[in-house]
Amino acid sequence: MVRLKARCVRTNKLFFPCFVSFLDGCGACVYVCRYLLCEVCVSQRSKLQLLEEKAIFQAVKSAVAKAHGEYGAALFSIGSKVTYLNAYTGVVMLRFRKAFYQLLWSALPFINSIGPQGRKVPCFFNCIYVGGTIKTCQKFLVRYDRQQLYRMLPHCKTGAEKQEVRRAVQTCSHSFYKATQQEDDDDDDDDGGEEGEEEETIVL
Amino acid sequence: MEEKSASYERVVYKNPSEYHYMKIHLVLENADTSISAEEFKYLIISGLKDLYGEVGAAIPFDVLTFDQTALSAILRVFNSGLVKLWSALTLTGSYANKPCAFRVTQVSPFLLALSGNSREMEV
Amino acid sequence: MERVVLSRIPPDEKKLVGVRARHGKAAQQFTQAFLKSSIPRMSSDAIEDILLHRAVVLRYTRVKKTRGKKTKAKGLNAKERRELKVFQLKPEHQKYELFLPLHELWKQYVADLCNGLKPESNPQMIQQKLLKADFHGAVLTVVRSKCPSYVGTTGILVQELKHVFKIITKEDRLKTIPKRNSVFSVEMGDFITHIYGSRFELRSSERSAKKFKVKGNIDL
Amino acid sequence: MSVFMDLNIIAIADKAKLQSTIETAAHLGYSTVAINYVVEGQQKKQLIPKPQPVAELFEKFPIVQGKSRPIKVLNRLTVVVTDASHFRLANAYKDFDILAVFPKTEKLFHAACMTYDVDIICIAATEKQPFHCKRSPVNGAIERGVHFEISYTAAIRDSTMKKYTIANAINLMTTCKGKNVIVASGAEAPLEMRGPYDIANLGLVFGLSEGDAKAAVSTNCRSVVLHGETRATALGIIHTMKRPQPPSEQPEEETPAAKKAKTETD
Amino acid sequence: MSPDLGKCSRSLLTCEKSNFLNEQSRHEVHVSRHCFNYKISLLLPECEVLPVRVENVIHNFSSYYLVRDLPVYKFLEEKWLATVVKKGSFYALSCKTRIDEDNVCALLPSGQLILSLDKDTYEHLGLEGRPSLYSHKKVMRYVVSVDLTNKSLVPGTKRYQQVLLCLKERVMLRSDFLLTTCHPGADKDGALHNLLSQYTYEECRPTLHSQTLKNLFCPSLHHSDLRGKGLSCTPNQFLEWLGAVNLNISCDNSAVSFLSTYMCPEPRAPVSQSVLCTVTGLIPPKDVCRLLKELRCYFAEPNFAAWVSLTVHGFVDCPVSWGAAEHGFFKGGENLYNFVCFKNQDYWLYKATGSEDACPP
């Protein structure tokens, strides 16, 4: 997995609430589906902000149409959806029907840019997890995220950063379970330094 | 070189051949348009590309024979690509935006069976 | 009735029941408080008129009507019918000629049912009528059947049960043909009627009452 | 499997073209074909086209290829229903052998499956189906013997239609699991028709299993035709018809009883 | 829900290696049990013209008759039973009827009349039969088999009357038929002639067509290596090559050519010229045996050929393939067998069947 320099760690609180809040939004899907958790890996992190759900959906749709033709496009049009996108951490969750998710999944590697005609963001999809339900994907994401934070620990220069990463790891682990029980109000002071002198990767 | 008579041996193969063979012919609206073998194969590949995209167009198949006058041919395709090739042939509707239709006369896992089809017996 | 209710409890029963007698006003107040606490929602005057008007009967017993012993159903139940062999034709009655008059009768019955069976009358109307008609005495032929050995049997319909046609053939043999998965044909004048047995599995009496629903197609 | 049938040849004005389409169908191996009159159920007074009597179509019907029997031609009416009032069982429907309905909304699809007295429910082929085929109406239709029809000619004509046809077909298959499905052409020109074995293979692309795909072109079509004939009977229980003229019993060439018996009951 | 588009239906190939001389060899049995043969194709490498002895064996193949619109109950009538059916060498197969759609009738030399009927006809007919082995969810085809040589079917018995009544009154099964009584020349005693007098019929001869192929690459086969471990190519490759020769497909394309990459299987040897002859028509197994015997003594004379191949194609729409095993047609109804005879009287027997067929014996 290519490690790219990224700004100092965002407090994981930031992405958990919106993740949690999202949970109750998804309707019970009648058909058996598969959820693909993919990372959108871009050269400059700043480009991540430009992504939004429609562009991702369009990109995947045209890649499937290109790779598998009308048959693929037909399969894609049944029950496929961008279930979750986090533009900060570049994590996308795609929902496909179980009957043909492998065929659609095989088209993902062919995506090399996302975005409307003018502002194409060169990137590629790296699928990190395929889950049967959103819950399993979420569990995986938590573990995966903590593992990323651990790997950032040695790179932190100043004590404050180390301290703050460790705290993030704690909040990340148990805060998740606390968060699902009751809404903890988001402490608004974004303690992470805006531009830490060392860019670390947040690959979630 | 009389050798001792061979011992009895019997082997049964299931799905022995990894190829399937199709005897097809192309029907065009005005019968006088002449098509070369390459154009014929290219038409099939474009049908595959249209229905199954790049992955479909990559399905390897051979045009074993091609008869220019009757526009009939015998194709050889891997077992895994048979259904895709056959459905692409079925759904190909036009050549040089003139209506056309592929008629599949016989499909068989044995090339030998294509040479003796009792349904073609003129009786 | 009022006096009995309001009279004092005799002293010896007082001990037995364990009730202390209250005099006049105290009893009055006690009953008021008790009624208020037990019937909170009702206003005091509503309680008043309940007490005044109706005698509150403590134990409610309904007089049980003792019906006379039910007259025994006149008909026989199934077990007795089987023993008495009521619905079985005696061997000597199993003759084809015996049923020819029945067949004639049936033909007149159908003729006037479909007002004359004229050749030009439209088959639709005839088949609607036949739906409710009775087929006893008709000459029935098995035209099609899932079990091939039934095909071709012909005879006068002697008895129609829920699942079975009993037919007497020319060779005076009584044959029982199941209705399910068979098609029977009846010749009437110059019409041929096909009866799809699988959807005909009703006692002839019920058939006239039942409303039929179209399900599936005429395929065995 | 029973004989191959194509129950959807569009009734075009140009008689010669219709004849050549039917000849192509016979040449491809279809033993029974249905001429489809499409009616857009718009205004109150629906003009139900009078079906052209089949005998006028050909003086001598083309022989089915590989057989010695001529092709059998039926008449079919398709009513495109956009709102509830369009489908009323007018007695003009009587002189058609097969009745089909093309519901455009979810409510009408549900009504068509559960209540309408039709044989075929058409599935959209030219645009994305506006509604989902829910399980309960589909199961109701299967139980009543009503079949769903997928037509493939639109997919041949234009490649974007391929996407819609395949998507709608697979959508339907997930609910009806391949039961009560027929595949028909909906062709207007000879070159838009394909052979029965091609369609049996195409059924796999639509999500049918191998056996179901072949049944979709043969056995299920036979059930549709029989379902159409059931409408002529009294609620599928009693079927009365004029007795054919008593066959003159010459010794040798009596009229082939098989043919008479076949038309009599089938 | 979308099935894996890569699956396709089953096919079977049995390969048998034995020697003509050893007495348990079952090549006679296999040939005689495959009753209805449509086409024979004979490949003789290293010879430029069809040897005259082989030619006249083919010339006196028995002739067959094409009868139009023959009703099936005719086979039950006394004169038919006596003169033709009981003789044990009478073959009849209904033609222009498709096994997966219509009613198909076949009469085997053993006197067994096999009717493969669709559902409607079976329900009308009234003869006991069993559902077909290859019916999908709904049984649409039934097989009725009547043994005409059975004692109970002597004309006059009740069973005989019933069967005759069924085939005559209930359902008048009629179709065009291909008949043969294995008499090579013209029908000597005219027995068949007067039987068919009321029906339009024509006598046909099997058509012979032979050609010589110049400088063809033939796979060199070694009689002991049946499975194609090294000395010869695998059975499937050999059959594919044989099909290519029969359909005159060019076998020397390079791997990069756009059109076809088909190559003759290794190990192979160039052959200057070889004879390919095909015989089409209703060929009874007796004639195939005669031809096979002739091929065996073809090796008696000195010639360079290492092996000779004889392919026999069965009818696609025939209700039976080997013996009385039911044969169906799903997407292809191929049932064929192929003899490869070697100099030392060794032979390889390939038997190939499609999806709806029992495993060849």
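So that you can tell them apart, the chains are marked A, B, C, D and E in the order they are listed, and the count of residues begins at 1 in each.
In this section, contacts are C-beta pairs under 8 Å (C-beta built on N, C-alpha and C of every residue); 3 or more make two chains touch, one makes a residue touch a chain.
Which chain is which protein? Per UniProt: C = Ribonuclease P protein subunit p29; D = Ribonuclease P protein subunit p30.
What you see is a predicted model; the values in this text were computed from it and never measured.
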Figure out the least number of contact steps between chain A and chain C, where 1 means they touch directly. 2
Show which chains lie in contact with chain A and also with chain E. B, D
Per the contact rule at the top, check every chain pair and give me the one with the most C-beta pairs in contact. B-E
What chain lies farthest away from chain D once each centre is taken as the mean of the Cα atoms? A
Specify the chain with the shortest distance from its C-alpha centroid to the centroid of every protein C-alpha atom present. D
What is the distance in Å between the mean C-alpha positions of chain A and chain B? 46
Give, as an integer number of Å, the spacing between the C-alpha centres of chain E and chain B. 24
How far is the middle of chain B from the middle of chain C, if each middle is the mean of its Cα atoms, in Å? 67
Distance between the centres, which are taken as Cα means, of chain E and chain C, whole angstrom: 65
If I count partner chains per residue in chain C, which residues reach a count of at least 2? 143-144
Among the residues of chain D, pick out those that touch two or more other chains and give their numbers. 66, 159, 162, 170, 174, 197, 201, 204-205, 261, 265
Could you list the positions in chain E whose residues touch two or more of the other chains? 1-2, 5, 7, 96, 98, 119-120, 124, 170, 176, 331
Okay, in this complex, where on chain B does chain D touch? 27, 29, 50-51, 83, 86-87, 89-93, 99-101, 103-104, 107, 119
Give every residue of chain D touching chain A within the complex, in rising order. 128, 159-160, 162-167, 170-171, 174, 205
Interface residues, chain E side, partner chain C - complex: 119-120, 122-129, 165-166, 170
In the complex, chain D touches chain E at residues 1-4, 29, 31, 66-69, 170, 173-174, 197, 200-201, 204-205, 207-212, 214-215, 218-219, 252, 256-258, 261-262, 265-266
Complex contact set, residues of chain A against chain B: 65-72, 106
